[in-house]
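Below you'll find the structures, each written out as structure tokens.
Both complexes shown next keep chain A, but they swap its partner, so chain B is in the first and chain C is in the second.
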Partner chain A sequence: MAVILPAPAESRKEATRNGLFASRRLGRWGRWLLVLAMTVWFLAPLLPLALWFFAERWSFPGILPQEWGTGAVQEALAQGAVPAFGRSLGVALAVMAVATPMGLLAARAFAFHRPHGAGFLSALVFAPLALPPFAAAFGLNVLFLRLHLPPMFGIVLVLAVYALPYTTFTLRVAYGAYECGFEDEARMLGASRWRVLSRVHLPLLAPALMRAAFLAFLVGWSDYVVTLLVGGGTLVTVPLLVASAAAGTGNDAMLSVLSVTAVLPPLVLLLGAAIHTRRRLGVRS
Partner chain B sequence: MGNRKATLLVLPATVISFFVVVGGLLAALMQSLGLLPFAGPPTLNSSAYLTVAPDLPSAVALSFGIAAASTLIAVIFGFVTAMLVMRGRFGGRLIAMVSTWSIPFPHLVGAASMGLLLGDAGFLARIFGTDSWPELVGGPAWIAVIAAYSWKESAFVALVVTGVLLTRATAYDETAALLGAGRLRRLRHVLVPLSLPALGVSATIVFVYVFGSYEVAWLLGRPYPEPLPVMALRLFSSASLSSRPEAAALAVVTTIVALGAAGLAALALRRVPLWQ
Partner chain C sequence: MSATLVIEDLITTFPGTVRPALAGISLEVRAGSCTAVLGPSGSGKSTLLRSVAGLEVPDAGRVVLGGTDLAPIRPEQRGISLVSQRPLLFPHLNVLDNVAFAARVRGVPRREARRDAADFLDVVQLGDLGNRRATELSGGQQQRVALARALAARPGLLLLDEPFSALDPGLRTSMHDLLAEVRRQLSPTLLLVTHDRDEAVAVAERVALLGNGCLLQHAAVQEIYTRPVSLEVNRLMGGLNEVPGTVRGGRHESELGSLALPEDAAGASGPGTLIFRQESIMVSGVDGPGIPAIVSAVKPQGARRILTVQVGGQLLHAEAPWALPVAQGTPVRLQIPRSALWVLPEEPTATTTGSTPNATGDAIDQLVTDHV
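Our next item is the complex of A and B:
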């Protein structure tokens, strides 16, 4: 039996299509069962959320809402969903604007130079991964009060530090695969430093930069504990509204409207990035 | 020269990290030792630690149990998800898409959704009948809390493991298949060893995160016994002035356990072959 070795670059898809991984009947059934189970696992919590969103009245034993409608949207608006959305967006964008460039600079230093005390410095940048946010917020709450810093400033500062491990790591990996030769060549052809940065360096890193910025946005957008403790409850963001709705009883419809509000912006960013990547790849191939 | 430039590059990130990490922890430590009182002169004492000491064993054990159970389920489900994604075809693409859904969910919103699903007037209770619905939310086994964490974190584990496997495992897996290795042998000798470092790192991140996280256990848990962060936040926001140092003492204990777990995991990961 002649076996043709696949070229190293041949994609996994190809191997699947030509039957290298063809499964026996039992394995196929088992796999479909697993696919079904994992689909249910990931989608189950979304179902009641979607049903409650459109429920006008859904009293207990009913499996489906008795009356459909969007009255809960009005309720959520009355709770101040729109200004809270604006504040959340402000916090998330500010965290992104601070943590992405700082992560970029740190990643470049770790990748190409050896700063003094590199071990200590990277331990410092990655420490927030192992540091419970509420513990840092307890201490900083006192410091910020004594320094008379505005709450928004403190919240963004703490969350940016919590986003830094993600942005630094993402960009550090990207620099690992980065080809410095392009930069040298552009310099040799007479491009200025600024032109090299804007036409070579940043475009090459664009996918990783987008991923890092998304993660930083997510850290700022999803936070509850730091906003609550450092802000002292003065800065009401969407998660704070979700928490107060979830802690009460009997407003499940409004809770689901607020929850969907809290999921939508990062979801839109994620889908946008996926479509953008697909289009870029489509143009190339 | 290169060194000075490198130091300048890392400076912004490390300065704010230093301020938040070291400054925050030192302030919490001083607060717990009575050195940063709201009123009156600072006095060094350990009364905050002595006050919380009787409740500490149960709180630490509970937090540890919730974090361990959530991590275990997240790692198993995340690994299964990654394997299905690696298989490609329709099922793999479906799972890849579906598991991405939980990434943009804030933990709090994931917890709220779990409450609507598992609560005693929740969606599942409506489907399966009302009389004998077990106490999943606020029950003695903390099932809704563990479900909410493992639901969200299994997608995270899957994302990390798939990222590593897609770049590194494909060639090995195809070679093993060509040499006649069956499904189970490829799993045991190729896919599991190649995913171990990614599984270890993501499990550590998940464990430490869940151990120090507040909102899910607060929303879906029961009032007593309390996990460490829930007890700490209750004391922090309570009206009496003496409770602030006690809350800070709990924060210090939580931090020590979390950092200890992360350190142990780092030591264990060094022993895993294939660790870059």
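Our next item is the complex of A and C:
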């Protein structure tokens, strides 16, 4: 799920030189088999999805669809796929925009300032992982209604809390390995506090920031329960459309269109992050 | 790009500690000169450097660079560069952009900053590595880049905090040569922290010796070795010989006999401890000239050996080459050149604990009038 960064060049070299990590003949075959199995495991479910995408009619016992067409796409559009996509994107980006800086601040506090009751605070930040969203959303729904909060606002508020453990943890790990000496060095070279932030601090944290932001985006993008309960069904996002389509019968083609749509944004983000990281590390093809 | 640094009565205390890390340091480093700050671990060397840099805020005292009091000036505006033990090259920039960093944050256009950085890479003889990633370089190369990066900021003062102590001896020697070359080309004012006496001598013309947050002595290299102001300084500089006795009429009388003192050492008559470096003693066979002594221990030390010899009831230490055939019990003769002798009015004690702040304060006053 997270963006996996290639290990720094030195440790990769170290790993190949170290006998413990050297490839063994039997292990090499095993590894290829494993790669093959994993590929099938990950890609096989996507195959019917892709076929259904363009299937006009696909009934048992046909191995392939009997008729091809774009009817499913039109049906999805008629169901409001485009505005739902926009709302989902809005929720995900808003959750990302709230939870990433908050996670950054929390991670800084934990890593550098050791606040009083750090253990308790840490448990509090991570509590949403243990609390079922269903329970949280039910109680808050009433409260938000009484406060006349707009649904979008309430949804982002709750989801940001659910994304906070991921962003905090990711950035806390990054701060654990962060070398404060770089900042002293930058200041001695004439960089003001803001320049240190923009030219040293953020670039050094960029990979972790991207990982944290991606996780927060996913929390917002894939949410169903909170959007349904807090939004009260007024805010229809892609997961809500997918769920309602899946609940009915004969919607397989439209369902596959919606699902593929749901996979795309995270995939695009992941690719973007990977390309950025490769360029940053100066990996030459 | 060099300025005179004046430090006056600098006191720095870390929060939660009682004893100040710096207990009133006064020091002057002339423009274009190099002073090595020497001292044991925990003596306050790095704190002194960080206080000058502005990375620590002193409780009292002044730091003046080129006539400007630095107290109200933020670290980034002080015109001071710092090279520390770890090169700390920015991993997200390549070598050239690391060196161009200071120019870039000043707002110099990228192309111009890089052209300037390339010149400084040439100074440290790494002109062809500009496009490499910082992490691809060896430790010695990284430290050279760190030096170039610090110089490219055109500092009035360059602070070096044990910059070469992580390098192997061969590399360290070549870095000393490089530093000499940099000084010849750019003549920056240098304040170098080191715990290595040999490095201090190789790089600097003056040594400031710190102990327990106090400045014990600031003097030219030869002077601090042969004319220490206290037994503590003598011991910290590696001096091993202390002979109690009495000064009378320009001569020191002790177990070693009556030795004529050089003119600058023959102070007031009275009790005095005679000191001289173990390196200055010439050891010869029993038929040679000098004071008769018996070898009581032999300890190898690199290319030479340290002999412990006994003259009457007095133990002395002397360096001898491996070629001299000696073992425990061998009778030898010692010659001590008159110019190597020095007398301190202190009584030798088993351990010289840190001087009281007052005593050191006086010593500083004396230093300021004597040397600065």
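Note that in this section the second predicted complex is superposed on the first by the 242 of 285 C-alpha atoms of A that agree within 3 Å, B and C clash if a C-alpha of one lies under 4 Å from a C-alpha of the other, contacts with A are read in each partner's own complex, and residues count from 1 in each chain.
The rule is simple: a residue touches a chain if its C-beta (ideal position, glycine included) is under 8 Å from a C-beta of that chain, and two chains touch if they have at least 3 such contacts.
All of these numbers come straight from a predicted model, not from anything done at the bench.
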Identify the partner contact of A:Pro133: answer first if only chain B is touched, second if only chain C is, both if each is, neither if none is.
-> first
Figure out whether A:Trp29 sits in contact with chain B (first) or chain C (second), or with both, or with neither.
-> neither
Mind working out whether A:Phe153 is in touch with chain B, chain C, both or neither, as first, second, both or neither?
-> neither
Using the superposition described at the top, determine whether chain B or chain C touches more residues of chain A.
-> B
Of the two partner chains, chain B (first) and chain C (second), which one does A:Ala243 touch, if any: first, second, both, or neither?
-> first
Where does A:Trp68 make contact in the superposed view: on chain B (first), on chain C (second), on both, or on neither?
-> neither
Return the residues of chain A at which the contacts from chain B and from chain C coincide.
-> 8
How about chain A: which of its residues touch chain B in the complex?
-> 3, 5-6, 8, 12-13, 15-16, 20-21, 23, 27, 31-32, 34-35, 38-39, 41-49, 51-52, 60-63, 98, 102-103, 105-106, 108-110, 112-116, 121, 124-125, 127-140, 142-143, 157-158, 160-161, 164, 168, 218, 221-225, 229, 239, 242-243, 245-247, 252, 255-256, 259, 262-263, 266-267, 269-270
Residue numbers on chain A that touch chain C, as the complex places them = 8-10, 179, 181-182, 184-192, 195, 199-200, 203-204, 206, 280, 282
Spell out the part of chain C that touches chain A in their complex, as residue ranges.
-> 53, 55, 74-77, 80-82, 84, 86, 88, 90-92, 94, 101-102, 104-106, 133, 135-136, 149-150, 153
Along chain B, where are the residues that touch chain A in the complex?
-> 2-3, 5-7, 9-10, 12-14, 16-31, 36, 77, 80-81, 84, 86-89, 91, 94-95, 98-117, 121-123, 126-127, 130, 151, 154-155, 166, 170-171, 174, 177-178, 183, 205, 208-209, 211-215, 219, 229, 232-233, 236, 247-248, 251-252, 254-255, 258-259, 261-262
